């Protein structure tokens, strides 16, 4: 079930916070990638299907610097084969002691049209990556080459990332709060619902800024709140 | 013992670092809220009396999304009842895996005249909150709704926040270094002393910028240092 | 083996990421100071020889505020004796619960001509230090005075900092990714090699920005890549 | 809804593992007290209603050794008022750096007829407590007096213990795997179900010891497995 | 390269400490499974080839209790297909909050002739497993069913376990110190060398018990030490 | 101020819990070595003056296995020079990923008459060490040679161990609860006081076993409690 243009467009307009609430309502409590943040806090919202890369702890004899001479090395292969519009999600076992990637690989990923990159480890060349205007999320900057602690081992398999389960094709959304994983089969309905919730939250925050209490308004247990929202939507065409 | 306007004004002009030294001199070593930071690093110094909210780990059956239909839900009640000028301090058990609050609630708190909010968990909608111009301190951004891991359970009781003890009415001060908790009974004398210390530190840093050694100056074991400081104060009317 | 002006100048032009790769090639995998970051992300690259300060956990009776009246207190002595051009590296046992230093001491260190300061703890007055234009790296801001948890005990001995071994005289380099420790005996050759690697990486990133694949280019297993690089160097005089 | 003798008796015969499965089937995934263990691994299964004690971080000026001269001190009061048959559950904020209690208090609790004690901190005099034959669960031994880091503050309120929510009256069961919290309203049905599950698991383990595959047997998707279990129950009168 | 009977027999007679030294001499520093211990401290040394099972964080909708009705569920399949003489190594992502397996599955694994089981999570029914006389290693006991936090996803792939890389077929050895992973290609030579080292260490400890200094003896830089060892070996036929 | 035979003898009869209370009364809250335990839980109480060994993170090129051919290597030197009756305290930077020592070195230390050994890392050959009847305390067993992560660097300097400050000559006491560090100058008075407290606690626990309430008894705010204690002492000659 590929991500439709319509759903992608909708997801670009909502927040990870709103999406987490939609997931929560469906009993999904573990879809937020814990402890990752955007390198560029001003970057636009990232949306794309998960393309996964898995790592294991590096064994010294298998990871000389020469391994990258192999064009089939999974890290390099993942960068070159991640589909346009997809998000490369790297399972770095929550270990930022060595980099998951650096500026050259992330730039290549960007020029190939990927939607973004997420690791539960760290990136090297972090200041350069932050200036690319490309959505990239990690735990913290880290200079050592990935070979120091990570051996990329497998592409396109289910992984964990920041304690969240990620299946290839799941829809990944990232913003200033972090990254959320939407199961592929739920993406359309969650996106639809999130657009509605966002309209309501925009209305609420306007009201609250104007001095209104949240009681009866958020959630709208007071019938007046529902009427006011309907009027607000009509006035704004949302 | 309510916080006086005079003490509040004084505390606005000093740093948490200086206050921690004042507390240290009195044998209080655990009053700094560990590992929290302002969402907006440029925000003005936060000062207010502690209004506390306590949470426990969320039990799934007690935390459907519908609980917020109850106007007496402690999280919502805390937002609506926190006194103007007070700081809402949330004991989130140092767990930022789910949000302690989001932009709507924090905006409401701000419009109600609170002085700020602190949690040893995280906020959702963190970029929005950062733009409010309202002092808010947390561990890190986090998108999941509070119900995912936190059940707000009690208001107005002594709590822990970031390993610091917080009693309702304690004076909370926050700046770029973080947040400190001043026992209510000590607020006046600590504020007074901190203003004096700040004058001295301003003098010292001027001298140091001019090339003077810290030896004999900081602390002023050299009599000349004391004389110079007296002259400096006289010249500046401090 | 003092750090030569030539090597210092070279190290100013390369990144910690590139240096870590050079160390990795020599079997050194533990030279990155884990989990520290610059207070000012825009600061220039820090380069200098390590001048070390070691701390132990503070014993309450040995650390009244009056200890600083002793001009020989190791923390103050380290600030006043760190050689110009050196980096003060503080072993704070990875404990940021209390400050390793504050704005006054860091300003003094700067005016004395030191190249920077690193701690695996935290600084107080962090916003002020961030504005100094002086390279300073730590884990996070922290307001409590160092006496709360740290007793400075020894200067000029081998230490650990962020899980990296640091010997006095090792060459310390810091940038937006963090801080790396180069064994003194390797500094010249690593600097030389890093300058070469940087030229190549600058070439690669230009190519990648232009749409070229990393396969065959990075590393340059394709002979064409080597030729292109030679042409690029010739054209730029690098 | 007090714990009935029948349910108490049933719970004495089942394991925390089996109970966790019963809770899991009802959507409760957070009822296991993480990272606590019995001081005496051979102790009998602990069953009782939760009687709760909450702590906050200790403030030095409020916790001189003389506080225990106050008979109303919450820690002492909790020991003297915990009902016979109940389990004293202490929220120590997952901090074992100082003791939650020692041998004298635990012995007093035992002689008063309590069913056991649980803390997500540690006990002092741990070897003595281990020899009492009284169910006691903690993170690890720790010699410092509770006043060093804990201030007992409140009795009989909902708390967290090892990341599990605990409401007064919840049914606490502990064995060699650790401690589980059963919501009071579910205790009867969970106990009933667990007794049935235990009979089935006893049958299964006998079969498995005899060389039978778990496929089709556990769970019993093979009709023969159900028949064999029925025969086994009949033969043993269970 | 299957594990030979001869190498298996040799490995049964040496310690994980000695094996780690052999690996260290070959530049392998990450082969010890960190933070796992035997459930039964008296169990015999475990030796076998790694048969691997990988997990990801559990997604709630994919992990109802009914999943075990599927005979192809990877956890159950791993138990039923692990070859005799092999060690089942489970990558539980260092998360002991829910069980990796319980007594029924471990008993089945034992009766099928496996050599042992290792997880970097925990086991439920830990006291029962400890009494089986079957080598089992974990972080700590934990009662919740694996479905609570773990979804078994893949068998027979390279994994991480306790920060060690584990490839299928690597030789796993466990004793009272924990578990070490020997790359398959090195097993014969490491075993051979470890037997020699063990003889020497047995000699040394006898000498040390008799009051001899370790200087010159361990390592045997004193020629007399080598002579004495030769005599000792001759006398004992080792 | 060497440890007197009288004080040593007294300390053998009291618990680390009682000693921590004595230290607490003097404002010393950080003298307990956090998170270490005896390898043999049945071992007798350890008492001795601290003889310290400091480590830093291991740099690979400085730590080939051949370093032990140097008789002056600090780890070996510490074992051979630790005075009889002293406790070797190793600052392993709270890192148990590699061993601080193994059975051969600990046996040598024992035969040389040392009183015990403590590390905030781990020991290899832990089961063997546990059988020596020699007091040894650590975090957990760990098989890798110390060279993997630790470089012994200095003997006889102040160190941290498990977050406690340790000065050479401080008096180290260890039992089933763990290890406490008594500043040398306080050892006599703390020992004296602890013997008195122990007599009182022995009286109290007898009373409590007999059914007496702790209120008024512990502490003895009820005059009757003091009288009863006086009678108890008289009867037992304590």
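Letters A, B, C, D, E and F mark the chains in the order given here, with residues in each chain numbered from 1 onward.
Going forward, contacts are C-beta pairs under 8 Å (C-beta built on N, C-alpha and C of every residue); 3 or more make two chains touch, one makes a residue touch a chain.
Quantities reported herein were computed from a predicted structural model and do not represent experimental measurements.
Among the other chains, the CA centroid farthest from that of subunit F is the one of A.
Put simply, subunit B has to spin 180° for its C-alpha atoms to lie on subunit F, with the angle rounded to a multiple of 5. Of all residue numbers used at the contact between subunit D and subunit E, under half are used by both chains, marking a mostly different-residue interface. Distance between Cα centroids is largest for the pairing of subunit C with D. Looking for a copy of the A-B interface in C-F, D-E or B-D, one arrives at D-E, which has over half of the same contact pairs by residue number. Subunit B and subunit E have Cα centroids separated by 49 Å. Subunit E and subunit F have centres, each the mean of its CA atoms, that are 31 Å apart. Within subunit B, the positions touching two or more other chains are listed as 27, 29. Applying the touch criterion to all chain pairs gives A-B, A-C, A-E, B-C, B-D, C-F, D-E, D-F, E-F.
Contact residues of subunit A toward subunit B in the complex are 15-17, 19-21, 24-25, 29, 32, 34-35, 37, 41, 175-178, 180, 201, 204-205, 208-209, 211, 213-216, 218-219, 221. Subunit A makes touch with subunit E in their complex at residues 26-31, 56-62, 93, 151, 153-154, 157-160, 163-166, 183. Contacts from subunit E toward subunit D in the complex involve residues 65, 68-69, 71, 76, 79-80, 97, 99, 102-105, 107-108, 111, 124-127, 140-145, 147-148.
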